[in-house]
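What follows is a group of structures, each given as structure tokens.
Next come two complexes, and both contain subunit A; in the first it sits with subunit B, in the second with subunit C.
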Partner chain A sequence: MIKELIFLLFAGGAVGFALLAVSLKNLFHAALCLAATLFSVAGIFIFLGSEFLAVIQLLVYFGAIGILIIFTIMISPPALLKNETKSVSKFFFALAAAGSLFFILFALLAQSTLETETVELGLVSISQLGTLLLTDFVFPFEVIALVLLLAIVGAIIHAWGGAEGHE
Partner chain B sequence: MDMLLVMLKIGMYAAIVIGFITVNALFLVWMERKVSAKIQLRHGPMEVGWHGTFQTFADAIKLFGKELITPVNIDKVPYLLAPMLAMFPTILIFLVIPIGENLHILDLNVGVLYIFAFSALGVLSIFMAGYGSNNKYSMLGAVRGVAQSLAYEIPLLLSILGVIMICGTLNLKGIVMAQDNVWFVLYQPLAFVIFFISTLAETNRAPFDLPEAESEIIAGFHTEYSGIRFAMFFLSEYTHMFIVSALATILFLGGWNGPFLPEPVWFLLKVYFLIFMMMWIRFTFPRIRIDQLMTLGWKILIPLALVNLLVTGIVLKL
Partner chain C sequence: MRGEGLKAMSDQLSTYLVLAALLFSIGLFGLLYRRSLIGMLISLELMLNSVNINLVAFDRFMTPDKGTGQIFAIFVIAIAAAEAAVGLSIILAFFRRYKSIDVEQPGELKG
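Right after this comes the complex of A and B.
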């Protein structure tokens, strides 16, 4: 009973704060709502029996990415943060873009023949996770590392003022 | 009936944690005033109780009784949420800290990560307070707080990785058990120094107290808070000091290990010794500038922590 209530709290929080994050006018409030969404998702992970994933979600998404977004808002010039004027055409274009993506995904998912079954999950220890990451899944793991490295190099080049370099 | 028992248990844990947090903060404020007085050749509080022991109780009652001043034109929700959000993670972190071999509330497999995950919430509360107050000094303090925590979170995490590589567990109890014979501070002296400097910055203690530098920006992010709201920021700051010292004790100083005395006594002795070091540093060194702080974090501590990690890895493999 209490378990269901707490689950509903987290699930409702995730959906509600996500809606608020995309609809609020004030950018700082929207960022706070995004952080609250990420927090609620971490709560759901605990219900799914993965405390490790929940803690990583908090550490990486809530702690690092949430703070980074707030940092970005903080150092942006105020002119960038002003709300643009609303226009009807923009609204319809946005609706069309979002709607088409939704229907494509929905059509694909509806046709999929992926079989679903309920599996009793044993608790996966961190050492098992680490072993798997460095044996069976080492290729995707390294690819992700490479992509992140490229992103960092790209960010540094941008910060230095383009490929021409500093000074 | 079962549910009632669970509720009772939760209530008891909450009472223990909140009680400990409050007493700890009251004691630390008294200790800080006494330590600063001794360093500056004064007596400090002497009037209320033996050597002023009850001075902080009187101060706390005064704070509770004060009027709550809410400025006009503030951003209501962040302003009012910030003090509560400052307290919330410190209470949650307390749940996993093992004071003795069997003296803890939660025994998580990912205890170390859990503590760091929730300490990230503290920055959010600082920024909400600064942004919501609609005051330029608060905003300046908040901006400094976020920049500082971004710079020091990385060396903090990198410095503990060496310890985790040696003992191979993220469980706080497991880490202490691994130090039965030798404390990790002997294997990882550099990591301990990096960890200690970074925690000073994380807890906004002098010489890194730029977010609340009183000689420059009044009181920084909590300028506009009064009464109980101010007390919550104060409480969370002193609790944070306890938490990082406890973490340093667990990771580097062998936790509750020690001869003769019972386990919790050893643990608390080590923790309060580290807190005493923090106070000693506060009243010895001047506050550093923001550019010096950034240089220290990004250009010195992070490379040093990476070198430490590399050397640890190589030595472990050999």
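Right after this comes the complex of A and C.
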């Protein structure tokens, strides 16, 4: 019973803060709401029995990406935070697209008959994940390391290069 | 999912799928509605995160002893981190060039 309540808290928090994150006018507040959503999703991962991913979610998403977005807003000139001009037609177009996507997904889920099996929580241990990463998935693992390196170098060059170049 | 009414809510695959679908739709709404690049990036992170919920939920309920879904989720998180770093640096360069992060400002490529 308590477990269900906590689950509802995390799920409701994720959805509520996600709604705030896409609708708030102030980008800084939206970034904070995104961080709250990411935190709630980490809680959802705990319920799914993957503690490792929950910790990764907190470290990488909640910590790194949240801080990165907030720092970008904070080190930028105030004009970056200038309120966006909103158009009503765009709002209804976006609402129709997102609403119909959710309706289609929900209708598909409602009539699917997937056989599910549940085992005791915590069966996939961290050492199992590590073994998988270094045996079956060793090639994507190495590729992702290269991608991350290139992305970081590219990000530094992009953010730095223009500083003295243009103006 | 039929025949699962007796199980607790947090023990059903469909709960997580509906939650992920909801988050994905919210992210899509934000991506279409927002006009500032940072707002769009925030929505994109939401969408990637909902996909992660799906991957882990299927890993938990369909192939509970494999862990493949969790590995994929780790890859998605890594790509999302790279995407956020590159995206934000592009936004900074974009802002220096156009003095705004409104996506409808630059019209140079319209031809």
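Worth pointing out:
To be clear about the criterion, the second predicted complex is superposed on the first by the 123 of 167 C-alpha atoms of A that agree within 3 Å, B and C clash if a C-alpha of one lies under 4 Å from a C-alpha of the other, contacts with A are read in each partner's own complex, and residues count from 1 in each chain.
Note that in this section a residue touches a chain if its C-beta (ideal position, glycine included) is under 8 Å from a C-beta of that chain, and two chains touch if they have at least 3 such contacts.
This structure is a prediction, so every number in the text was calculated from the model and none was measured.
Once the two complexes are overlaid on the shared chain, A:74 sits against subunit B while remaining clear of subunit C.
Of the two partner chains, subunit B is the only one that A:29 touches; subunit C does not reach it. Legend: residue contacts after superposition of the two complexes on their common chain; A:137 is shown touching subunit C, with no touch to subunit B.
In the superposition on chain A, A:52 contacts both subunit B and subunit C. Once the two complexes are overlaid on the shared chain, A:155 sits against subunit C while remaining clear of subunit B. Residue contacts after overlaying the shared chain place A:61 against subunit C, while subunit B stays out of touching range. After superposition on the shared chain, subunit A has more residues touched by C, the comparison being subunit B against subunit C.
Touch criterion met: A:101 reaches subunit C, while subunit B stays clear of it. Where the contact sets of subunit A with subunit B and with subunit C meet, they give residues 52, 56, 64, 68. On subunit A, the positions that touch subunit C within their shared complex are 3-4, 7-8, 11, 14-15, 18-19, 21-23, 27, 30-31, 34, 37-38, 41, 44-45, 47-50, 52-53, 56-57, 60-61, 64-65, 68-69, 72-73, 76-77, 79-80, 82, 84-86, 90-91, 93-95, 97-99, 101-102, 105-106, 109, 112-114, 116-119, 123-124, 128-129, 132-133, 137, 140, 144, 147-148, 151-152, 154-156, 158-159, 161-163, 166-167. Residue ranges on subunit B touching subunit A, taken from their complex, read 3, 6, 75, 77-78, 108-110, 113-114, 116-118, 120-121, 123-124, 127-128, 131, 142-143, 146-147, 149-150, 153, 168, 170.
The residues of subunit C lying in touch with subunit A in their complex are 1-2, 4, 8-19, 21-36, 38-39, 41-43, 45-46, 49, 52-53, 56-57, 59-62, 64-68, 70-71, 73-75, 77-86, 88-93, 95-97, 99-102.
Looking at the complex, you find that subunit A touches subunit B at residues 1-2, 26, 28-29, 32, 35, 51-52, 55-56, 58-59, 62-64, 66-68, 70-71, 74, 125-127.
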